[in-house]
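Shared between the two complexes below is chain A, which pairs with chain B and chain C, respectively.
Let's turn to the complex of A and B:
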């Protein structure tokens, strides 16, 4: 059973392609969607893989000493405050003798790697389940071009309702969201910047809207949580202010239409090196979640699931609760602010910012 | 008094029309007007129509991508249709001035922080540099667009940019051409044949070629660009224009339209039909590359810079479009 749950936001900093493989549609390479709602999502397995990769990429191999080290930066600095010995060599008892753990090439592994194995599950050796699980990342806010004010973030009652329920699972029950969202269709915050005579033009469609105090409160709440006002997030002041004003709650149906038809479709070609023109037959389309799409997922921690107590390493706690808490702490302080998710990394796609709900 | 001029707003829906749903049409009609410019003719003693323009009376920031790609009015007055396009492009350029000072600088700051400060913490080395266009650039000219000629604009912000895929593609193409030159010299081959061999081996990750270009080996190329089996080791990010973006209207003028249409010979009695399109002129662009391997990163950077300076990127590179120079 999961003892501790944390919600975190995933903010697309560049277009995001959580691919679903090929499909017999108009787009050659579409994105993953929820079967029953058609909302875009990121599969939990893909998300977990990317987060694990981000953790593993903190390691460098010190070739001289044949030992791994942690890249010295802020991320690891945070971890070291909580888990002091993570850079020590990982020793294990084998046949009654204590031996240093090494990889296939004989390089010494450190306690940090043991913690990764315990948290995400081992890649080889003795099999056990990981102590950290993720849910599929769900859509929260979707950016749509607006005639006035460049773009608006849209959402709908159903999405907000699910978000509230997921927050409840994480035992965070915000008063700001204790509302019946269904009455908020076609509303936006007060003093918004995107309204033209009580209408908004999103893409080529016009919606009659009204300003609502409740929607203002929701927008303020979301903006504070997604783009918190801290020094490290300085360039986000602009987007924080924008989200406070330019959020539109549409009906469930209108929202569904936008997330289905207003994703970014990129046509790509391959150049024939000989002719310098498009190679014959090499023209394809890819679907992306646009920059500034905001999704969220839950990180759910259980106690470390290894048989021997000493194999728990830095995550060892006195009670199961304490252990689960440590697992979440490791994730929270060790996870880089920005990581890469989904396809086409080498052309700069899929950079996302992770913002843990506080 | 000479050049007496007056501007009259033409009544919406009589003289021009947006092809969108009724309520969107009405809003567009209220914020974008068609203005007739009349001059007083001293000899005839009357006002005569001289020109007309589109103008947006409202002062708020609009989405350039919607204005450029989706909300295009058609003039309903006889004889004005052909002029419609560049009149509208002028409005797009004018509207672009608004976003230039508002969204673009903050967006650039955010991209810089994301890549250079935050993504760098994942063990990547980042290399950034800026180059300026020596003349003009057009990207995505052939994409589908209601007015025939398009331009790649950011999906949400509507500002022009160079996609990472284009940057990677042109670097790779340039590398193939340079290495093929080397191979042709070394093995006394025809250039066509050399290109074929180099591009095939690069595609399949075949490391058997022992070729060098300065310090870059053919094996480095395979690592930089990757193959079906292994991902490339260098990330090519989208490049964004520095704050001061200059948009200009350009013209291509095919002289034998029927001939290019494919069914008639090129004859002298065919009329050239000027096609207008948007270009970016003399603008500085910010490029970012990333890799975990510093050595490969430097090599990729050199290749990319050479490609941008000597080959160019985007459409019409053979006419000098899309060529960059050091700032």
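Let's turn to the complex of A and C:
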């Protein structure tokens, strides 16, 4: 079972296309959705793959010495503080002899790679499950065009209720969320910027709303957690202020409607180089989660699942709890701030910022 | 129980049947005019994403503006009106006495407007599928 759980936010910095493949819908290439709510989601397997890739891309191969090294950057700096010997060569006992571990081409592997294998599961060879699991990313806040104040973040009681439950799993139960959300339908924070005479106009729909002190507190809480006020995050001050004011809690049904019909639909074509016109049959539509959509997922750590103690490398702990803690620490300190998730990487889609709940 | 079941089946089946008839009608109306048939198909494919990105009111206004006597947009507009007046819709339908679809749509309140949007999108999904299947592509 999982010993340690951490919640982290996924903030879309550019439109996001976690594709579900073809579907018999209105859009040719729709995004992934939960079966029974139609809420957008990101499948855990895709998320895990992206995070693993982000970890692996911190490596560089020193061709002269035939040895892997870690890049020299801020993230690795953080990681090295927690795991000092992470760059040492990965040695393993084979037939009673201690040998250096190498890849197929004879390049020496380092303990960092052993940790990746232990955390995410090995790519080949001795099979065991990874020590870190992820849940499907769930929607928390969805941006919608507003007649006043450019856009508003919307959410609903059901989403907030789930968020609270997931925080409880991670053993974080903030007082700010110890509320019955169902009474908060059609409310927004005090001194909001998007209200016009007790109405908000989202897309082309008008909602009768009221200001609520409780909603103010929720908005402040979320804004503090998603855009924390630290020196490194200073650029997000504008967003922090915006989220404090421009949040609307809609009814569950209204929220569902918006996440179904207010995603970005982009028409794409392929141009035939010779004729300069659309190639035959090459016209299709794609669905995107708009930028500034905020999702979250849980990272759940268990002890390292290998038999031999020495194969645990830098993640070895005295108790299962300590090991799980180290696994989470490795994820937390080594995860780059910005990842790429979903399709169309080369046209700048899918850049997300990861913010661990603290 | 049986009643409930038949209600649920009726929903999608009713829409599907209605959409099928609409495409047949289009083929009949534009018999021998393959250009118009092709237009019908391509408009039917285009309209759903227009609704999603511009809203229903805007889209219907556009379709109405493009309607000319006996062209494909005209037929689609007429068919959408008929569908909204039929008994295949859930939650909301258009009164027989109402004259114009877009006029009725923009007079509705926010909630009804959203129901209509959902309803028309659900119908268009079938229409699009049948149009793709029944109207042949010529080379």
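By definition in this document, the second predicted complex is superposed on the first by the 358 of 358 C-alpha atoms of A that agree within 3 Å, B and C clash if a C-alpha of one lies under 4 Å from a C-alpha of the other, contacts with A are read in each partner's own complex, and residues count from 1 in each chain.
The definition used in the following text is that a contact is a pair of C-beta atoms (placed from the backbone, for glycine too) under 8 Å apart; a residue touches a chain by one contact, two chains touch by 3 or more.
Please read all numbers here as calculations on a predicted model, not as lab measurements.
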item	value
Which of chain B and chain C A:206 touches, first, second, both or neither	both
Which of chain B and chain C A:25 touches, first, second, both or neither	second
Partner chain(s) touched by A:72 [first = chain B, second = chain C, both, neither]	neither
Partner chain in contact with A:261 - chain B first, chain C second, else both or neither	second
Which superposed partner A:292 touches (first chain B, second chain C, both, neither)	first
Touching partner for A:147 - first (chain B), second (chain C), both, neither	first
First, second, both or neither for A:198, with chain B first and chain C second	neither
Contact breadth on chain A, by residue count: chain C or chain B	B
Touching partner for A:190 - first (chain B), second (chain C), both, neither	neither
Intersection of chain A interface sets (partners chain B, chain C)	203-206, 264, 267
Sites on chain A touched by chain B in the complex	13-15, 54, 57-58, 60, 71, 73-75, 143, 145-151, 193, 196-197, 199, 201, 203-206, 234-236, 238-239, 264, 266-268, 270-271, 273-274, 276, 288, 290-292, 336-340, 344-349, 351, 353
Residue numbers on chain A that touch chain C, as the complex places them	24-27, 203-207, 254, 257, 261, 263-265, 267, 285
Touching residues (chain side chain C, partner chain A) in the complex	48-49, 52-53, 55, 57-58, 110, 113-114, 117-118, 121, 124-125, 128-129
Residues on chain B engaged by chain A in the complex (per definition of touch)	20-21, 23-24, 27-28, 30-31, 58, 60-63, 65-67, 70-71, 99, 103, 106, 109-111, 113-115, 118-119, 121-123, 143, 154-158, 163-165, 167-169, 173, 176-177, 180, 192, 195-196, 198-199, 226, 231-232, 234-238, 288, 292
